[in-house]
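Every chain is named by a letter (A, B, C, D and E) in the order it is written, and numbering of its residues begins at 1.
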Amino acid sequence: MSIPRLLTMLLFVLLMAPVGTAMAQQDDGSGEKLLEQLADASPASTEEALQAIAASGHERARAWLEAYGNNRLSRVKDTGEIVIVLNNRGRDWTVADAVTGENLGEMSRRDLDRIAINNAVRRQLAGVLAMLDLYAEDPEVREEAARDLMGKVDEAVLDPLIGRLDEEPVAAVRNRLEQAVAIYRVEQEGSIEAVDVLAGSLHPRARAALNSAVASENPALKAAAQKALLSVEQKLKMNRAAETLYFGLSLGSVLVLAAIGLAITFGVMGVINMAHGELIMLGAYTTWGMQQLLPGQPGLALILSIPAGFLVAALAGIAIERSVIQFLKGRPLETLLATFGVSLILQQLVRTVISPLNRTVVTPEWMSGSLVINDALSLTLNRMYVLGFALLVFAGLMLIMRRTRLGLEVRAVTQNRAMARSMGIKATRVDIMTFALGSGVAGLAGVALSQLTNVGPNLGQNYIIDSFMVVVFGGVGNLWGTLVAGLTLGTINQLLEPWAGAVLAKIIVLVFIILFIQKRPRGLFPQKGRAAEG
Amino acid sequence: MWLARPLQERSTQLFLGILFLALIAVTALHLALPEGHPLHVSAYTVTLLGKYLCYALLAVAVDLVSGYLGILSLGHGAFFALGGYAMGMYLMRQIGDRGTYGDPVLPDFMVFLNWQELPWYWYGFDMAWFAFAMVLLVPGALALVFGWLAFRSRVTGVYLSIITQALTFALMLAFFRNEMGFGGNNGLTDFREILGFNLRSDATRLGLFIATGIALAIGYVVCRGIVTSKLGRVSVACRDAEARTRFLGYRVERVQLFVFVVSAMLAGVAGALYVPQVGIINPSEFSPIFSIEIVVWVALGGRATLYGAVIGAILVNYAKTVFTGVMPDAWLFALGALFVLVTVFLPQGIAGLLRKRRKTTDDGSGPSDAPTTAEATA
Amino acid sequence: MLQIEKLNQYYGESHTLWDLDLDVPQGQCTCVMGRNGVGKTTLMKCIMGEEKVADGSIRFAGDVELTKQPLEQRARLGIGYVPQGRQIFPLLTVEENLRTGLASRGDGLKTIPERIYELFPVLKEMKNRRGGDLSGGQQQQLAIGRALVLEPRLLILDEPGEGIQPNIVTQIGEVIRRLIAEDGLTVLLVEQKLPFARKFADRFAIIDRGRRMAEGEISELSDQLIRQYLTV
Amino acid sequence: QEGPIKVGVLHSLSGTMAISETALKDTVEMLIQKQNAEGGLLGRQLEAVVVDPASNWPLFAEKARELLAQEKVDVIFGNWTSVSRKSVLPVVEELNGLLFYPVQYEGEESSENVFYTGAAPNQQAIPAVDYLMNSIGVERWVLAGTDYVYPRTTNKILETYLMDQGVAKEDIMINYTPFGHSDWQNIVSDIKRFGSAGKKTAVVSTINGDANVPFYRELGNQGISSTDIPVVAFSVGEQELSGIDTGPLVGHLAAWNYFMSVDTDANYDFIDQWIEYTGDEEAVTNDPMEAHYIGFNMWVEAVRKAETTDVDAVKDAIIGVTVPNLTGGYAAMMPNHHITKPVLIGEIQDNGQFAIVWQTPSTVAGDAWSDFLPGSRDLIADWRAPMSCGNFNVKEGKCGASAGEQAKAAAE
Amino acid sequence: MSIMTELANRDRVFNFLTPTDSPVDVRHGPILYLEDVTVSFDGFRAINDLNLTIDDGELRCIIGPNGAGKTTMMDIITGKTAPDTGSVWFGSRHNLLTMSEPEIASLGIGRKFQKPSVFEALTVFENLELAMATDKRVFPTLTATMKPEYRDRIGEVLETIGLKDLMHRPAGILSHGQKQWLEIGMLLMQRPRLLLVDEPVAGMTEQEMERTAELLTSLAGKQSVVVVEHDMGFVRSIARKVTVLHQGSVLAEGTMDQVSNDPEVIKVYLGEEA
């Protein structure tokens, strides 16, 4: 334990109490001085500078610390003035005076010197910020802060923490704080009572602490920790299983989304559409385009992209159908050839017109992060949305194919075109509409995928093979088949992955498909009966 | 003999004639004219042509199954690559202790990934006869096992296409794995000599080119022999009405298996000749997209006309060579447009153009060379 | 109802129909006869628009020039077609097969008219079976039923009795007569079986090698004609 | 001696690698343009010969041959990925060409005709690990990579290195994924678990190309922040970041020899020039671009020194050539055809740039043969006469047969 | 694998010991023997406890309402459909249920389908060539040559079916009736021991019908023929023994007169006037 640390601790205790109780504070050390201290700090003295700022109670302290954490605290080379960078894109940056917050306008990047931070410091900073947050009004912020503190407690904050613990009115927050303290106690002091506090916790840090206790010399501690761990283990297994299932479904939903449009164009219409992937890509680029049009509103842009992506891809689909596919009725191999050509053109088009580089699609706030079920199980939100979206799209399509005339007509047209026309079905219109529908759905897939993966010229290529695989595995012409196939393959893959590794898992899935098709030569949901056998 | 039959056919004679003329012409122009002469064919061009011929042989193999047997194989790249790997392993072993690390047995990539000994499946590849046999046997055996499974269970149509694709995809992933012992993503490269000839000498290049030409000729005759035989007609029958063929007493699955295996072996040979000429074999040859591309060559050339496959393969790859050099930024547009235009305006592929011309000249062929009818309606 | 004049049709190089004339009067059943391969089916396809005609005219209901109408439109004009070989949609259920015709009816009806099921009860029984699974005869009934869903003014039947059990053949004949009598339907029938033709048709036309060789009331169909054009 | 000096550019403009390589093609073209504006070289103009090997490895060899045999270029700048280089290598050696390879790679190679201006493992991986160990206090390691040779070799080297440093075997987790892997849920969850053992954990990522975006996304969504488990990547540069929503990634790391954010005038000038050349205010620069910048200048320098573009002369002249790099120092061409480079560690910022958090005090010379692999420990490369050997075994005191010599022997 | 299970069944003569390729054994009477055969599709019983015996050289007509299961019965005999229960024997030696379609076909059971199915891409000539009774294994097929006697035989059949003029045209362009004839021709080429003919005269004129009738009766005696037909005139002209199927089982059996006077048959099939 170093002397400076001890001193800080004292300082901290002294200064924190008033912050917690009353808002009475005076601006003692001037802002400039504090910042100066931070800017000039050696790696060893950074923490001290940070805590000084935190303890200062300066109204802009938080802003400084956050700016510092985000690499936005800079010094003007010539004047030595400390500024906060507001916009750091491009060659000229907008800056504001750190102390006053006054906007100073643009400044060339060349003239700024960043005040360096690294991860070790950032960790300290996080602790400091969490400590500040412990005194926030909102109990949720406090709980979040308390959770952040788990595993980050050191001597410096232990006492204030315990002080805070006594004052904390909300049980949940208190609980967290107790655990945070207990982790410290188990790890540093080998306290057996603390082990009991951690017994039920699923938090990884709590488990880590218990694990370290198991390795300890003290037999009593060891036994207690072992017992505590045992109770957690079972719960963890369940969570683990739930998590894997979720992973599987979510991968499956991606497969379903990618394939479902193809289930229409290929499965129902019989067009081997190699450009399907590029239609997905168009959907994804539409999302990007929308976000460019509506800067700062990624969420709104994303929602608007749903109809827009559908429309763009559907229009592209119509163009493809009119210009190429209509001439290739009943010649699947030629549709493969022509759409392969189309796919090359579309890829290169995007490369030339937009950029060969990937584009950034921002994930809106409400889609990032995870839904925390408990400390060991949290479900990523973006994938949850995608899963829901996939199911919605599927339901919608099902409705169209089953409940509207289009569904009946397209099946009639593909089974016997001449006869369907003899029955008065406008085959050309049906072709256009169906292809547009399939393409549009591919566009929707693109919108969703933009939230999971790269938006770049190769996007389509990555999904085309999988899509065909899913459609065929499910049984050509059967939408249910596509859904079940996608979810099954996804789940199998994720179940295998933990023990086989990603590469082998994929290989096994492929081999599984090959073998499965031997057993059911017409996919999961085959078309049965005399007609299918030919 | 069924193999002699195609030799009496005008179209085959014409094909072989053109092929051999081309071989002789290239050889002569390469050897006789000095470098710098406008008509001189450089070693670079010779190798390039050799590569096209490999692709042509591969396309012929694919056409045999997809055009005549109705099995749209989207995984023939796998057989090609396996043939290539067999050859690559031979060439690797030929390096001997001249590798970077000087290990007499282990190839370089094994040394630096710390392999202690040669995996068993590398044994024997130091012997040319063994390796060359493997060029035929490995793809053949894979096709046999795979085909036996698939045809026995009557997997047809797109289902078959997709599992061939799954096959090549799985193999690609497997060969990417370094643990497999085939050099992972880098594959096998840095070859030195073949049968004692230095691979970097122009004479060897020319030799390989000629060998490829001959292989193509043989492959073409073999396929043509099958196609013009009664078995060829049975294949077409299987393609169009599999069940009906069974009721006539043909074991459809065996016919399919036979043709599939022959085709796989031809693809293997093509791969084996390809590797020493391009100097590398790596798992991307297994990629499904490559296999799809092969089908595209065939379709572009004209399906179910073996020579169409040859034309398609050479044309597309020539176009690629030219376009990637002349308009590196926009060549995909050109290639894509080529595919689209051919399908829309030449429904029978390029061979359709030629056939139209031929139709007007000769007509009323006898039944013995009748399989052209399959082409007429395909 | 239908006047065909100087119709010529080619399959590629081969000239199949030669200057063919045919008159199908309203409210009657006209039976086209001829040996195998003389072009009967081809003629029906020309009327439906499935094959292109080289020249000649097909006039429907007095003034509509059918050769200028797209295929789909002919169904909407009120021509029902029961093709040779049935051509049902194999993977649609029986009911769906029937429903394909609903959109071409002018009245926007959404359900299958009960009458169809009355005429062919087996269709009701097999409503949910795939069309392709039906037996040959059942399919034939389905094909006729499907054409009737359109409520056509002109019904074209290409060998409707083929593969159907005798009592149903008779029944089909009766249905035809009933429709003619009740709805004023016009029927164009292709039939090889003399007894059937004699019993249910009003008029006949004989085609040989793509030309119309004879035409007249069914009672005029003499043994001499039969020997000349219908025997091999 | 008439006509322009031809400079071959062998970078994929289509296919999977186009994402990375297109910018390099532009860089070379820009450098040529600038050189020409300054009067060319030896009084002659430079001319770029651009071909597209389309991310297809055999095509790389073919195109290299086209450049050397047909176009008769004097030098080639090109390739990205080891396999493309390995494919081209025999061709360049056979036809005695010059190839400047601008990307970090696994080492274990030294060719007479190839100049490696990207980082060898000792110029990137090892310093990065040192940094994590010493400055961040990392004790537990996840080595995650795409399953191909570069990650395999790098991880092998790192594993040996870490164990030498006393890291226990169970504190190292190695994970490989296929190219373009897009579903990282399980792996990220594993990493999370692995990192919850109470020891500070970091991920050393050799994940390649497109797979990074979904990987980082998943990291962010599963709530792994850089303060919990930092990720240090060797293949993620500014260009890759420009396709990622960097918000959730702030604080993750990358190790390179150059960052766009480097605070030197040379760099700012280069950036200005690049933005002007591309006409895109948002255009970014990255490490391989700097490598080309250095390589190009070295070649120019060497040609000047040799007063000819003749390959053998340039090859001899270039060893020892020193040119300024963009990070305020100098890069020298070493006898083993690798160059000296500083190693920088940068943190991802929300603007898609890296903030430099650490750098080596001086430049590090690239090592062709790793000291941490048993097979190559004793090998060195030195292309100066009289040794002229790419894999000299210092223990045995003899030169292993090298490809270059082979070619020469054949030619004789 | 299958050998292993066979070895376990010691009470039977091993399959591989009985010569399967031996000619059909008809010493004990019938050439075709169906017993208690039942098939259902999704719960619908298409064939229901069917018993049927065909004697060697017999010409048998089978009639019955649409959907009675006639075609399905043929599917079972030729191995296309596997019955749920029952046994089907060809002669007294061959259990057809254990054989595949090609095996059954090469044993000598030929079939004409209800919907004419010919190889549309092949010419008429080639269609017949493929049907010809020769060695149909892969290698013999590969090396097969067109011998003069084969050509003659095909010529003969072409004559019989009246498609001589069209012999080099692809079968796809034939009219419906022509296809019917071609299929009959293919059946003749096969020279089977047992012919299963499903609705041969659909789409034929009266005269052609007569010719077909002649053809079939001329075959009987040497070969056994089973004809399914709805045309009563035709059936009457060839029939010796008639079996009536109804709802998957035999409703009546006897001479044409017996059958056509059977009130049940009249009710479900013939109708009052027939």
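One rule holds in what follows: a contact is a pair of C-beta atoms (placed from the backbone, for glycine too) under 8 Å apart; a residue touches a chain by one contact, two chains touch by 3 or more.
Just so you know, these numbers come straight off a predicted model, no measurement behind them.
Steps from chain D to chain E, taking the shortest chain of touch contacts, total 2. Here B is the chain whose Cα centre lies closest to the centre of all protein Cα atoms.
Comparing the CA-atom centres of all chains against that of chain E, the greatest distance is found for D.
We define each chain's centre as the mean of its Cα atoms; on that basis chain A and chain E are separated by 64 Å.
Centre-to-centre, using mean CA coordinates, chain C is 76 Å away from chain D. With centres taken as mean Cα positions, chain C sits 52 Å from chain B. Multi-chain contact residues of chain A (touching two or more other chains): 347-348, 461, 503, 506, 529, 533. Residue positions 41, 80 of chain E each touch two or more of the other chains.
Annotation for chain B: residues 173, 176-177, 241, 243, 329, 332 touch two or more other chains.
Those residues of chain A whose C-beta lies close enough to touch chain B in the complex are 272, 274, 323-324, 327-328, 331, 333-338, 340-345, 347-349, 352, 461, 465, 468-469, 472-473, 476, 503-504, 506-507, 510-511, 513-515, 517-519, 521-523, 533-534. Every residue of chain B that touches chain A in the complex is listed here, in rising order: 66, 72, 146, 149-150, 152-156, 158-159, 161-163, 165-167, 169-170, 173-174, 176-177, 241-243, 288-289, 292-293, 295-296, 299-300, 303, 329-330, 332-333, 335-340, 342-344, 347. Taken together, the chain D residues at the contact with chain B in this complex read 13-14, 50-54, 56-59, 61-63, 65-66, 69-70, 82-83, 86-87, 89-91, 94, 108-109, 147-149, 152-153, 156, 176, 178-179, 373-376, 379, 390-391, 393, 400-403, 406-407, 410. Interface residues of chain B, counted against chain E in their complex, comprise 1-2, 226, 229-231, 233-234, 236-237, 239-241, 243-252, 254-255, 258, 364-365, 367-368, 370, 373-374, 376-378.
Across the complex, chain E meets chain C through its residues 41, 44, 63-68, 70-71, 114-115, 162, 173-178, 180-181, 199, 202-208, 211, 230-233, 268-274.
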